[in-house]
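Listed next: structures, encoded as structure tokens.
In the two complexes below, subunit A is the common chain; its partner is subunit B in one and subunit C in the other.
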Partner chain A sequence: MPLILAVLSLLAATPTQAAPPAGPLSITTRMMVEQRVAAADGTTRTRLVPATRVVPGDRVTIVVAYRNTGTAPIADLVLANPVPPSTVYRGPAAGSPAPDLVANGSQVRWRLTRPVAPGGGGELGFTAIVR
Partner chain B sequence: MLALVWLVATPADATETPAGSRIVNVAAISAQQDGRAIDAQSNRVDLVTAERLDLTLARVANDGGPVDVVLTNSGNGKEAFDVRATTSTPGTSVRGIAIDRDGNGRYDPAIDLLLSGPTPALAPGGQWRLLVLLDSDDPVRTTLTVSAAALTASGTPGTIRPGAGDGGGDAVVGPTGAQASVTIETDSPSPGAGGSGGAGGATLVKSQTVLAPDGSATAVRDAIITYTLVARFAAAATAARLDDPVPAGTIYVPGSLMLDGAALSDTADGDAGNGDGRAVTVALGDVAAGTTRTIRFQARIQ
Partner chain C sequence: MSKTGARKALIAGSAVAFVAAAGTAEAQSTAGTTAGTTISNTAQASYTVNGTSQTAQSNTATFVVDRKVNLTVIADQPGNILVNSGQTAAYARFKVTNNTNGIQDFHLAATQAISVAVLPGTDNYDLNNFKVFVDGNNNGTYDPGVDTMTYIDELAPDANIEVFIVGDVPAAQSTGLAFVGLDVIAATGGTSGTKGAVLIPTPLNTLNQDSEIDVVFADNDNDGVGFDIARNGQGWAYAAFEVRASNVALTVTKSANVISDDVSTLNPKALPGAIVEYCLKVTNGTTGVAADNVLLSDVVPANTTYVPGTIVIGAAASVLTDCTVSGYTQNDNGTQASGPYLGAYNATTKTITATIPTLSGNATVAASFRVKIN
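Showing the complex of A and B:
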């Protein structure tokens, strides 16, 4: 029963707070902050790590990861993310396409133009500043 | 009239996210498949805003009054502060530090809060005027250092105290190090306050003693506060007049107004004094350079 096993393992991998996917769509979100890392050659670079503590003025990167867990391609996908209250939208995250809509700075939305194949997915993100 | 002068500090930005607020994120995805809508909600990310500990201290000009500094809680949480003051001059010591609750630049035991430990918690963006009281009521030339530090933590910016912030979040020492100090050279006498119609060069020093019904110096109901105002004129002044409001929460004790040890009537009549219950007024007239006049009156705490 490979299909059932695959679904079970997917459920187990879903973060505990996530609602169980009712359909073939899965979405997870993470809130990240930049962390400076000193490299052995003396240079400093930044990487994103999960946010554990923020104070006003900090920049957070909100990442949404989506996946087609079904068996058929899915077209016209729309991802919507309300900008959390007490943060201010700044722009797309590094490497992420810009959202199609930033409604009053309170909602970020991406509309995917290409269908997502079964098992396919991706990540999008935006940055916001804690007021 | 002798005037007290001070600067009004600009309130800090109070729009910051308060410590302890939760920042929550939930995303949604939707599509059409086979003619029907499909959608899903993401997990919920829930982050508690940490408390950034910051403060500023600034001197306020307060001619003739005690040394006056404004403490601003520039952090984003409610915070209490440890405030200390030291003086460089031997024989001069700091009697105490009081929160000037009515903001009039003068220490009044019936109203102002003499600190016996850390301050009460101050809301983010909130300010207090602090009066530094020396053991001498006379103006002295000394160097005062006033310092304040957040009670939760201070020191190296970025220092973290897990769980010590408002709402159970962490507390983080902010860019100010959550500490500040100001060094103040006090002058004697200080110019700036002038008699009306005359040149500058007058100082006014107000002090008070408290006598409670039980004989102690506790500021309780029915305690009598004796106020002493010493006006010193470095330069000659014409038509000098002193107005001093009777502090809120107290009532003037009728017949208690005195000038240089002599009683003055309370009515606006032939003598120099006038006490109408809300303020005392003493017309000092033309005064020569080097003159010192002492006014005394009493008020009862309500």
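Showing the complex of A and C:
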């Protein structure tokens, strides 16, 4: 019995462990929201600003930036991002390749077919509507 | 256009259609994610370096859903509220719905100064003892002394509540209309039993933190030509208290005419055994106002016997000897015979009744019945 408990506690502890030692890949994420900006000529255009003022119905853009900080190329890169709760996936961000929608639409995933060279990186993104 | 170009155009077209459908789905959604909800995002990655599998996790980005203030106010009764002169605690019903993504208080203000033509007709009197109350016991009816709250406390997202504008109609008020308006103002909720302060939208230029809940007004212009404007955190609705004519000048005349006796056919007299026809003529002397459900009743005189099946109701005849013109013979038992009227004879009380569903202004309807002198 104490053995089983020990095993269970070990299993329970596993997800709360700190992130694995920093590898060569660094990823950062940020969330942006569309803001209408009136131009001097009277037209309006939208620009992305950090998501500070967001109300239901707004479209947010979630950006994932990755960079190879190591010295060897990175292969078979798969970036997965859960669609945040209380939002609904709408599509790829402007300029980003479309991700696969997996797990009943609760997660987006990009598979990079080409290796990421040392010092190389990029940005991927998708848009979602706040419910 | 090349084949590729045509295909691109098709794809673009389908993308537009998808966006339009998505817009519809959005409009059907309710008040939305509750204000103050933190939305966070973390990305994960897996990869290989020289054949060795590794994983990585990003930072967590967060923002807080802000308060999207929205409400609707409607007058919750069809048409005008019909009142009588001198009526106390007459009330108009309004329905206030909280479309905000959070619990809100709402202040209430009622006014009789409705200067614009938001309602048909002309406002020509004011109510006394003018007040506004919330339907505290939620029964849809104003209960004096029970519904005493003067502001809406803690209305949940998507919930609605009734509000009453209450007033007394002046005594001896002639026909007319009193217009009233209800202004509902969004206020801070969250503390039950406390009237929250009126919400102020966070200025667009304010530098805010992700963790703060901004206030954004998203309400529509609720009344078009009235006082309300879009995105002011308020909603307006209107109602009219109408005093209608409550009386008409009804007059009834009764006459008797001997129809026959056993002696003379030319000049019948009221002898025993003679048949006498009684004629009741009812006139509505008020132009333009109909009287509904006019009920005539008459007791058969002593020493006479009702002749069965002789109740006739119809338009009054102008000649003295006739009572009705093309009148409808009624059933004595009170069932509906042909024609719009209803007649009956009650053998116990010896009473003749005649019901006229509608008596138009300046119209006269007559009812006749016959008796035999014992």
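In the analysis below, the second predicted complex is superposed on the first by the 108 of 131 C-alpha atoms of A that agree within 3 Å, B and C clash if a C-alpha of one lies under 4 Å from a C-alpha of the other, contacts with A are read in each partner's own complex, and residues count from 1 in each chain.
We take it that a residue touches a chain if its C-beta (ideal position, glycine included) is under 8 Å from a C-beta of that chain, and two chains touch if they have at least 3 such contacts.
These figures come from a predicted structure and were not determined experimentally.
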- Regarding the shared-chain residue A:61, is it in contact with subunit B (first), subunit C (second), both, or neither? neither
- Message: Per the contact definition in the header, classify A:129: touching subunit B only (first), subunit C only (second), both, or neither.
- Response: second
- Task: Give one of first, second, both or neither to describe whether A:82 is in contact with subunit B, with subunit C, with both, or with none.
- Result: both
- Message: Applying the document's definition of touch, where does A:51 land relative to subunit B and subunit C: first, second, both, or neither?
- Response: both
- Message: If we overlay the two complexes on their shared chain A, which of subunit B and subunit C does A:90 touch? Say first, second, both or neither.
- Response: second
- Item | subunit C-contacting residues of subunit A that also contact subunit B | 19, 23-31, 51-56, 60, 62, 64, 66, 70, 72, 74-82, 84-87, 130-131
- In the complex, go through subunit C and note every residue touching subunit A. 22, 26, 29, 31-33, 35, 37, 39-50, 54-68, 101, 202, 208-210, 214, 216, 218
- Item | subunit A-facing residues of subunit B, complex | 15-17, 21, 23-33, 38-45, 47-52, 76, 160, 169-170, 172, 174
- Message: List the residues on subunit A that touch subunit B in their complex, please.
- Response: 14-19, 21-31, 51-56, 60, 62, 64, 66, 70, 72, 74-82, 84-87, 130-131
- Task: Quick one: which bits of subunit A touch subunit C in the complex? Just the residue numbers, please.
- Result: 19-20, 23-31, 33, 50-57, 60, 62, 64, 66, 70, 72-82, 84-87, 90, 116, 129-131
